[in-house]
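Order as written gives the chain letters A, B, C and D; numbering starts at 1 within each chain.
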Amino acid sequence: MTNVAIFGATGYGGVELLRILLEHPDVNVAYLGGHTTVGENVAEFYPHLSGAIDMEVREIDVSAAAEVADLMFFALPHAVGAELVAEALEGGHRVIDFSADCRLKSAEIYELHYEPHPRPDLLEQAVYGLPELHREEIIQTQLTAVPGCYPTSAILALAPAVSEGIIEPDVIVDSKSGVSGAGRKLSLVTHYTECNESVAAYKIASHRHTPEMVQELSGCGADVSVTFTPHLIPMNRGILSTCYAKLTAGMTVDELVDLYRGFYDGEPFVRVLDAGSVPATKHVSGSNFCHIGLAIDETNGRLIAVSAIDNLIKGLAGAAVQCMNLMLGCDETTALERHPIWP
Amino acid sequence: MTNVAIFGATGYGGVELLRILLEHPDVNVAYLGGHTTVGENVAEFYPHLSGAIDMEVREIDVSAAAEVADLMFFALPHAVGAELVAEALEGGHRVIDFSADCRLKSAEIYELHYEPHPRPDLLEQAVYGLPELHREEIIQTQLTAVPGCYPTSAILALAPAVSEGIIEPDVIVDSKSGVSGAGRKLSLVTHYTECNESVAAYKIASHRHTPEMVQELSGCGADVSVTFTPHLIPMNRGILSTCYAKLTAGMTVDELVDLYRGFYDGEPFVRVLDAGSVPATKHVSGSNFCHIGLAIDETNGRLIAVSAIDNLIKGLAGAAVQCMNLMLGCDETTALERHPIWP
Amino acid sequence: MTNVAIFGATGYGGVELLRILLEHPDVNVAYLGGHTTVGENVAEFYPHLSGAIDMEVREIDVSAAAEVADLMFFALPHAVGAELVAEALEGGHRVIDFSADCRLKSAEIYELHYEPHPRPDLLEQAVYGLPELHREEIIQTQLTAVPGCYPTSAILALAPAVSEGIIEPDVIVDSKSGVSGAGRKLSLVTHYTECNESVAAYKIASHRHTPEMVQELSGCGADVSVTFTPHLIPMNRGILSTCYAKLTAGMTVDELVDLYRGFYDGEPFVRVLDAGSVPATKHVSGSNFCHIGLAIDETNGRLIAVSAIDNLIKGLAGAAVQCMNLMLGCDETTALERHPIWP
Amino acid sequence: MTNVAIFGATGYGGVELLRILLEHPDVNVAYLGGHTTVGENVAEFYPHLSGAIDMEVREIDVSAAAEVADLMFFALPHAVGAELVAEALEGGHRVIDFSADCRLKSAEIYELHYEPHPRPDLLEQAVYGLPELHREEIIQTQLTAVPGCYPTSAILALAPAVSEGIIEPDVIVDSKSGVSGAGRKLSLVTHYTECNESVAAYKIASHRHTPEMVQELSGCGADVSVTFTPHLIPMNRGILSTCYAKLTAGMTVDELVDLYRGFYDGEPFVRVLDAGSVPATKHVSGSNFCHIGLAIDETNGRLIAVSAIDNLIKGLAGAAVQCMNLMLGCDETTALERHPIWP
């Protein structure tokens, strides 16, 4: 039994992590840390967990948490938690960080998209927590960075094609995300009546998740450039990413499916669909699965790869647990076996 | 390990049952029977279960199923399955029936609301599958009738008040249901663009679930009359029932909460909320829980009891599994421990 | 041509009023007053009106508005605008007030539900702006109070029955409202992911709109008591109110429909549906119509009257324009002829 | 006053056309023709129009309609109405056709995507009904083909760029459509519970609207190839098209906005947004407007043009009325002045 702490337990990522860990047989949630909710019982503001947990939120205090917990999850905004992550690492704790602070290899690129990095030394030891690309490193590391939700969907959709060199390294990622991706913080954009019955693009060609895609896809083969447009969709959960790239040579969809299935052979949570099938976010909703559908525009020699994930599970808390399982030596799928829920 | 068959496996009730049973450690799904989908693999038309099950749908054939299965679930339309239920019972199988065929004690009342009962003899041996009222009978029975989704929500909201005689036995049940309650059968009423962004009542004071409420609430105390209005709400899952009745004597909400908590003491899936808290369907979505909130209109001496359930789980497939667990001697909560999912 | 001012132009009520007035041939919007948006162009924060209007929001200043406008709309929170309303009246302006400040006849009842009334003298001269009950008074008045959205739906559903004495004066109003009724102010309750895919009751038997229902229904006949439960529904617009009352004598639905049609004879915006038809909020969405469906629970001698309105039009801005038309001597339906939009 | 007939009056396109025409001062709807609804009153199955129209649906019979109507709208499935269109033209009637039958210039390309063309002679006289590209031809023609909803959104987003030669003629169109685009015909894909809370792509690189985009964009400049992916979004109305193309030379977004505004100068229904603003389907919902937002991915030298329309208005019935106004010599905006509705 491993005792864990969750800092930032009351956002959507934190509470989804909490729900999953409550179903994990080898883990005990020993400490919940928050900002605005200190002293409150988590079941008060998350009535869906009433009866499942009876625990007060405490300060975000690494040394207090260190008394009861070994592994620590940080679900704090970027830059806010970097010093605390460092403190936890120095105390010998294993850390899984949800923020962007440990995802990029380059402090310069981080600064370009966020701000001067508060602890650039973290970038060297952190592992990008996508088991499909970095499983062995995750098993070994003390510090895992949970990937952004959009990058997870885009990288899984394109990594096999980049890796095998079948596409030109200039890709377009057009993503559609449910509103939970914007978190629980109030804003007019996520006010019910403003986003319901509407679709909009945002941060066109300027979203901070773009450099993660560039870094990880480039790590699979040639240097890749990415044009990325996220869209907000009136639904709670799910990301669908439709990815476009020029094929370097002619191939059939069946060959493409075979190539992807070879790449993901043995992966417990990636399913490459049969030629002709298209993924839908509902097919994976409530689960840690990623479905990938593949098509070819023969007229224009273009690959279209479409991936679907639950943004709060495979795109966030489930990915964190998958990495935790690897770091702890548990079966990788523990507490993640839930099938998607329908309808 | 108990082998089970599911007839009518491809409706929403059947597939939700299948999903839950796939997570049940003591049960093996051995036979799936359907009408229009015979010969197809269930994962083809329910892609969310791809990888979880690889099984062809077969004919609805009790004797074929009897070769591999002991307990049989019937998720067929009313009247359609009655003869088959009888056949299964005669073969010594335990049966859990989702239809209205075995819920009412009176063949006359059944005929009034449905049609002449094809097998009135079933009514005598069937137990109404609401564990909160009939646990001991369910443990003993060979035949359980899964309650209607609306009756489950209304009966749980009102049974304590009727049982303790604190309300006049003339109640109003105003229910709001998600669209999955109407099933997977196509109709203009459940066509996306027709029901989205709209609320409507239907079958006012004439819905077939009314006699179930009358029967079961009357079984708790005085003869109860029920005015019932269901409404269709633009969401996938959930039923909220707002129930009104005149109080026979003055009391406080705290006394009311205590009374309800006493009545449901030890129940694994019923939560009576603190005074001042109101239930929401999202608080129980994806789970087998029923939340009950209580209020009093002091000016008019009226009780308002509000219950929330997931119509496909506590209102259907979860209730069936809860009864199955009792019939099989498993822990009552097996495979039903999932916490609700948020958001 | 009448010049009008709108104070509180940027809430949902104000902007819907603005949209309707922009389509009114006899009215010119001459002044927009706001709090947090002073100096901004209204088309900036309401892009759907870009091209339709090019006007800066100014201070909420009655004397400045008086230079350019005759009639003044106040869409401000209760108590906030009362002194300004008085100032406008003293300046000889006609006023239409959206808040609760002028709706109730009794300052004591106002204080019970809100706070001590800042200007109780307003209550004497104000007319309750429901043309179906107070047309002649509205034509004559200098000050109209726009009814609450819930009261409009409940009063229209029950006024004929109360007026004709066919029901016992103890009624239940169970209302379902779209989220726009909660306005544009941010709150967790109206955060997309919190209210989407969920239904909940709120302010059970304690909502401030209850005394309006009591006052106006009691004005139709015997003193009426009201148990009122509002519910939040995941859709943008619409209120459906399901109203219950005991019938004092037996009658058929056809007789009921005739009685209601007699009561509303000649009303341009109320439609009493044929026996057997049920209203849906979508049937009136985007219009000033109110649809009323009627049913009888014969077993229990109970009337069920269901009304549907667009909460922002017949429930707010449309009602205001209907009253304005009467006050100005325009045709009552001017700028309100839009048919509902489908789907 | 022009008398018009509508064939196929009861689909979403037909009934939206009907609603708009009922608000048109110079047009009288004299004949409604349908298949399955013959003999029924249109207000029976479209209760939102009760009171607005009282007319029986008759047979789809050109000669019967010719007795009372001059101009005829055909809102029938492709291939079904071609002979009738020809009959109406031979009778001297002006025709506006909603189907794909008259949109393409080439019978070969039509056959490739649909079936052998039943009346290829129609293709020569038909004008593609996009006033922004073909206004003068529409004024002159006897036969207008209403563009597909997706092509309208894509062509308006890209025509200026193609026309000015600033992009390479190999474009990607990623479109997101509300469910009303799939019509009123029942299907599992548009069953509420199947498409709610889900996003999916469909007909990837094989949708029949692609050749329209190719034809019309190629008509603006160089031969253009199009990779097109439509997606189904859980909302009633709206299409957002995100279009990608390589820029041939460096330019700023401000230059881009100027170029687009020059191209659409004087257009009553196209708004090119300021640099930095992004369109949302809600900004145009319920109106005939098209909003276009522009961005540049400087890193990759790529244009991203995003357009938003209401698929049933600018994408269908509104476009038809805009063309009708031109054909009849009415003001082009008559009956199309409605502002979008918010929220």
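As a convention for this text, a contact is a pair of C-beta atoms (placed from the backbone, for glycine too) under 8 Å apart; a residue touches a chain by one contact, two chains touch by 3 or more.
Predicted, not measured: the structure shown is a model, and the values here were computed from it.
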Where the contacts of subunit B and subunit D overlap, which chains show up?
A, C
Comparison of B-C and A-C by number of C-beta pairs in contact, larger one
B-C
So what's the Cα centroid distance for subunit C and subunit D, whole Å?
36
Distance in whole angstrom between the CA centres of subunit B and subunit C is 39
Using CA atom averages as chain centres, what separation in Å is found between subunit A and subunit C?
46
Per-residue overlap in subunit C, given as positions that touch at least 2 other chains:
12, 178, 180, 193-194, 196-197, 234-237, 280, 282-283, 285, 343
If we count contacts the way the header does, which residues on subunit C are in touch with subunit A in the complex?
12, 178-180, 184, 186-188, 190-197, 234-236
Using the touch definition up top, name the residues of subunit A that touch subunit D in the complex.
170, 172, 174, 176, 178, 193-194, 196-202, 204-205, 225-227, 229, 231, 233-238, 240, 242, 244, 278-283, 285, 293, 295-300, 302, 304, 306, 308, 343
Give every residue of subunit A touching subunit B within the complex, in rising order.
12, 15-16, 19, 22-23, 46-52, 180, 197, 236-237, 271, 273, 277, 280, 282-287, 289, 291, 337-343
